[in-house]
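One chain, chain A, links the two complexes that follow: it is found with chain B in the first and with chain C in the second.
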Partner chain A sequence: MISFGLIFFVSLFFTGIVSKTKSLLSGRKGPGLMQPLKDIIRLFRKRSIFSETTSIIFQIAPSISFASVLMAVMVLPLGHSQGLLSFEGDFVFFAYVLAAGKFFSILAALDTGSSFEGMGASRESLFSMLAEPAFFILMGSFGLMTGYTSFHKIFLALHFGSYISYALGVIAMFVLVMICMVENSRMPIDDPKTHLELTMVHEVMILDNSGFDLGLISYTTMLKFSMYGSLIANLFLGDSPLYGTIPAFLGIQFLFAVLAGALESFSARFRMSHNAQFILVLSSLSLLVLFGVLVMLGRFN
Partner chain B sequence: MTNILLIIFIISLLYFAIANRLMTYVKIIALQGVILFGVAFIELLEINVINLILILLETIIVKAVMIPAFMSYVIRKNKITREAEPFLPNFLSLIIVTGIIIGTFIIASFIDDPNLHKIYFVTALSALFCGFFFISSRRKIITHVICYVIIENGVVILSLAVGNEMPMLVNLGILLDVFVSVFLLGIFINKIGDVMGEGDVGSLNRLKD
Partner chain C sequence: MEYVICFVLVLVLFSMLIPIVKAGMKGILAVTGIVIMALISSAGAIPALWGHETRLVLPGSMVTGEIPLVIDPLSAWFILVINFTFITSALYGCRYLIPYHQRTSQLSLHWISYLLTHAGILSVCVIQNSVAFLIAWEIMALGTFILVIFEGNKASTIKAGINYLIQSHVAVLLLTVAFILVASSTGSFSFDAIAAYATQHPGPSLFLMLLFFTGFGFKAGFVPFHTWLPHAHPAAPTHVSGMMSGVLIKIGIYGILRMILLIQVNYLAVGYFILTLSVITGVYGVMLAIVQHNLKKLLAYHSIENIGIIGIGIGMGCLGLGYHLPFLSTLGFAGALLHTLNHSLFKSLLFYSAGYIYQSAHTMNIERFGGLMRRMPETAFLFLLAAMAICGLPPFNGFVSEFILYTGLFKAIPSTSFPGILMLIMAIFSLSLIGGLAILCFTKAFGTIFLGSPRYPMKEIPAERDWLTLLPMYATGLLIVVIGLFPQPFLHMLLLPAGQFTSLMTGDTGPIMDGTFDVISQVGYLSAGFILLSLVVFLVRKKVIGRVPAGIGPTWGCGYVAPSARMQYTASSFVRNYRKLAEPLLSFRKQKTDVTGIFPGEADHHTHARDKTELYLIQWPWQKVRYFLGLFSFLQNGRLQFYILYGMIFILLVLTAPFIKQVFTFIVSLFMVS
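Now for the complex of A and B:
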């Protein structure tokens, strides 16, 4: 319950902090923290316009993808307090409910009949497909390490003791940050500020959306960011008491937002053909985490 | 601590699979030399001092400084182009390297010997196989030398696993091996560069009596 509220609270400012960091690092003053939120509120007041070639799928897709992210946020715990939903194997639920939302946004992009949007949809599905094994191997090895299969119990039982576990923690954090960047279509993979349809990934899929739907999609992105941020925060929180967890959670989210902004300012975008191999590297790294866990457990000595 | 170093070593193999520039390869070799120095320093503290100093000097000076410096000298001297130009796309070689690492893990879990340090075994064996794979998939002669050094690193890791019982001769042999191979091939490249312009294996097909 607490995590649900906190993730919502953080999501209101997340993109603001990212863009503020980007503008400060490039020597500009930049828009205020609330500017992305104000944009979304402005969009919410507007009416959506639908192309005549589209069907009902196109109209329901933004709501479905927003709902899927909402469902995924529900299973995330915060320290001792578990999420709204918590059951055995909920990290599988987490991944596939997100995939369902993505599936509908891909369908909507194909529904418009634009060749650009089809291209963007194909790229987005390829990248998510490649990022999926990385997430599952990572969560699976955490499950193996702790012996549980739900987010709440895994993160409660996860604690770093020996040298090797610190190395694993660093690799796991790197993989999670990069999965977040891939899933949100941010800088090393995709440039949200690009103006050429041929080089877009996510932005080209939402070209036909307008008004309320566009606002919903933008807010979904913000929510997704803070969702992955809370996943990373949970990696470190362990079972400290609530008055320690909440400030730590907010601090880690803030650091994550600043890190995302810095990553976007200082890294150039990959060539499109390099993206696939980069995302595959994440899977290889999470495989190393799995082997490290096997070494730690003494199954492999 | 050695586990962390060996994990970094495996990550460097993955990075080697997707790197494009020759200088990146040389830097990876230098990094592996530093990692070997760290592993030897932690692992071999029990053997006698002179032997230890010899091994440490070999890893830090020869493997981490001299060989990379010599290689970058050769690359600059022969005006070899900076791109590595592999036969396979990087994506495929990444998959193959990952497959090699998984395979060595499976092999190591089949071998049930209590005297075997499995993580050393895995790292060494994957370095060996990856070295062979890189040799067969890269076009230039200088990359063959670089990959040969990776194989040597694998052998050194394997001999570090036997650690404190390791006779000095093994290590000297390795050192000599590296020296001879790198220098011979360096001269070889120098000669070939005079005749053919660039050390490309493909152009060896044109050789005739």
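Now for the complex of A and C:
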């Protein structure tokens, strides 16, 4: 319950912090922290326009995709206190329910019959499918390390003792950050601020959404961002008491947002055709974590 | 015993009635027959799932010896799966074949074969005598062959049919060899003899297991024995493809499971083998499925993928037996069995929808479609439901079985040895990759066929079918949703079949229960919650949007004002990135005519995905054999004189055979002396 509320709370400012960081780093004053939220509220009030080609799929997709992210947020714990739902294998549910939402957003893009949106859908489906194995192998390694199979128990039992485990923590964090970037279509996989449709991934999929739907999609992105942020934060929270966890959680989320902003300011987008290979490499990094865990536990027999 | 007699009587009676009634009645009679046979067999199967096995012994003949008929929980599960899909596919077939009603005699043959196939498949599940088993197997295989070549006036159909016939007989050959191996050692054709043989000869029985696995693997479609599948499915009429993909290939799975029960050997080795092959099967199947443009062929490759997923479950189960981990074994076999049911449901539903899509345009090339969602909303809805289920997405049944497999894999990681950990991680990797690739494949298929606007003008405007026609599809769809939301009763039914396997290790026939099954029912509620939440969000959205009337406009073309339907993203362009990535592993044939000159003519570009295993394992050796045999083609020169000469030579050889034998023994004795 606490984690749900906190993730919800963080999501309101997350994109604001990212864009503020980007503005400051490029020497501008930039919009306020609340600007993305204000934009969304403005979109909620606006009239919708639908393409004449679209069907019911286009109408239901944003709602389903939002609901899928909400379901996924529910299974995330916060340190000692577990999420709204916690059960064995909840991370499988986490990944698959997100995939269900993505399934619909890809279909919605294809529903418009626009070649641009088809292009974005094609890229999104390929990239996110390649990112999934990396996540599962990572969770498998954590499962091996701790002997549990749910987010809450794994994160509680996860502790860093030896030098190897620090290295593993860094790699795991890198993999999670990159998965987050892939899933949210941010740099270095996709540039959300590009002006050319041909180089977009996520932005080009939602060209035809307007009004409430567009606002919902934008908010879904923000929520998704803070959801992955909390996943990363959980890596470090461990078994500390609540008055320690909440500030730590907020701090890590803040740092993550600043990191995302810095990453977008200083890095260039990858070549589109090399993205797939890059994402596949994440799986091998996850394998590295697995081998690290095997070394740590001395299980080479 | 009365049940068996009734079963045979119904079969004979309906087979004799079908030819003499009118074309419209044939299908209805066949459905009645199938329903009665299904009821009779289910009457034996349902008690078996609650622990009351049926054991009968038919007297048999001098050749076969006694024929035991056993309905144990494993057979019972398969019988129920088979019956459901057979009933829906026969109902569907009734309506589907209406346009073919003038071909009366062909229809009679078709429906009689349908009954025979059903009877054959059911018998395969209960017979525990090798000779009788092979006979039933043969009835099933030949019946299906006749079903496949329904549209036999097309050369490609006959070719696919013959391909199926040959490959299924290669499987029969392997099974026969395996059965003879046992019979020659033990002198009995009973299945118990196989178990006895395995305990006496642990070494050779590993080879025996391999023989059986290969034989049944042909039917199931494990890579590299899958090459008949992508040819037979598109050639067959749709309800037959649905039936074949839904249940016929599952008979291979049944056979493998039965042999695992009987041949108690080194389960660790068997588990590693099955798991590795299944991972290859699953990934290879879906990788090829993505690049197919023929919808039925695409679905056929997805059957191969799902056989891979089922195989992963079986492999897990065997590893569990080998490592003495009861939960892994339970979850593996239960997941495999549940996925068998699930796949039979969503795959048949996909085929049924594909059938009406085919009848609306008389092509299966998905690039020819577009915007069918508006014309056939109900078919589209059912297709979407099945597509999500096959991708393993919540809230449908595919997710439940995949979740069981994932839980088993993740839970087992800490308690196995190093090679075990690697195998499990490999299985997890491939299962998630398969899931992701399936999403790519079905967004492509659904998006191209149903969404957007029509890419080509159609001769006749496709229309939605009436409710009676859609009834079998809705029934299947309902079951998909029910399993997805309330998996609990189905898991309870699976306790005994899965318990049969775990009892091999514990000796205790009782079901092994742990908290996992409760978790899975919780997942069902979560899926329901997901639907509910989506609905709430959608209603809120509707309320908010309803305040101001929404506008309607053309799709935003990024400034271009005259986009046409032909400019939409096609299926090929949707998967182009993937194709580029997979090119080193797969094989493509490309034909391209470039645009040249100042006044360019027509340009075109064809890509055609080829199956590498088929290329190198079937076509290439076959070419060599044909070349070798071609060397002797001078013998067949078409001159009568020569043929008479061959006859004379043959007669001469036969007449002088005793003399030749004496000459032969003389020569041999010469060598023996020296």
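Convention: the second predicted complex is superposed on the first by the 300 of 301 C-alpha atoms of A that agree within 3 Å, B and C clash if a C-alpha of one lies under 4 Å from a C-alpha of the other, contacts with A are read in each partner's own complex, and residues count from 1 in each chain.
As a working rule, contacts are C-beta pairs under 8 Å (C-beta built on N, C-alpha and C of every residue); 3 or more make two chains touch, one makes a residue touch a chain.
Since the model is a prediction, treat every value here as computed from it, not as a measurement.
Once the two complexes are overlaid on the shared chain, A:Ala121 sits against chain C while remaining clear of chain B. Using the contact criterion defined above for the overlaid structures, shared-chain residue A:Asp111 touches chain C, although it does not reach chain B.
Using the contact criterion defined above for the overlaid structures, shared-chain residue A:Pro31 touches neither chain B nor chain C, since it reaches no partner. By the touch criterion defined above, A:Ile49 reaches chain C but does not reach chain B. When the two structures are aligned on the shared chain, A:Leu288 is found in touch with chain B, with no touch to chain C.
Comparing chain B with chain C, the partner in contact with more residues of chain A is C. When the two structures are aligned on the shared chain, A:Pro192 is found in touch with neither chain B nor chain C. In the superposed pair of complexes, A:Ile164 makes contact with chain B only, with no contact to chain C. After overlaying the two complexes on the shared chain, residue contacts for A:Gly238 are found with neither chain B nor chain C.
Touching of chain A by both chain B and chain C, each in its own complex, is seen for residues 276-277, 283, 287, 300-301.
Residue ranges on chain B touching chain A, taken from their complex, read 1, 3-4, 7, 10-11, 14, 18, 90-91, 94-95, 97-98, 101-102, 105, 108-109, 117-119, 122. The part of chain A that touches chain B in the complex is made up of residues 163-164, 166-167, 171, 274, 276-278, 280-281, 283-285, 287-288, 291-292, 295, 300-301. Taken together, the chain A residues at the contact with chain C in this complex read 44, 47-57, 60, 62-64, 66-68, 70-71, 85, 87-89, 92-93, 95-97, 99-100, 102-103, 106-107, 110-119, 121-123, 125-126, 128-130, 132-133, 135-137, 139-140, 143-144, 147, 149, 197, 207-208, 211-213, 216, 273, 276-277, 283, 287, 290, 294, 299-301. Chain C meets chain A in the complex at residues 370-371, 373-374, 377, 384, 388, 391-395, 399, 402-403, 406-407, 409-411, 413-414, 417-418, 421, 424-425, 428-429, 431-433, 435-437, 439-440, 442-443, 446-448, 450-453, 515-516, 519, 522-523, 526, 529-530, 533-534, 536-538, 541, 544-545, 548-558, 563, 565, 567-569, 573-578, 580-581.
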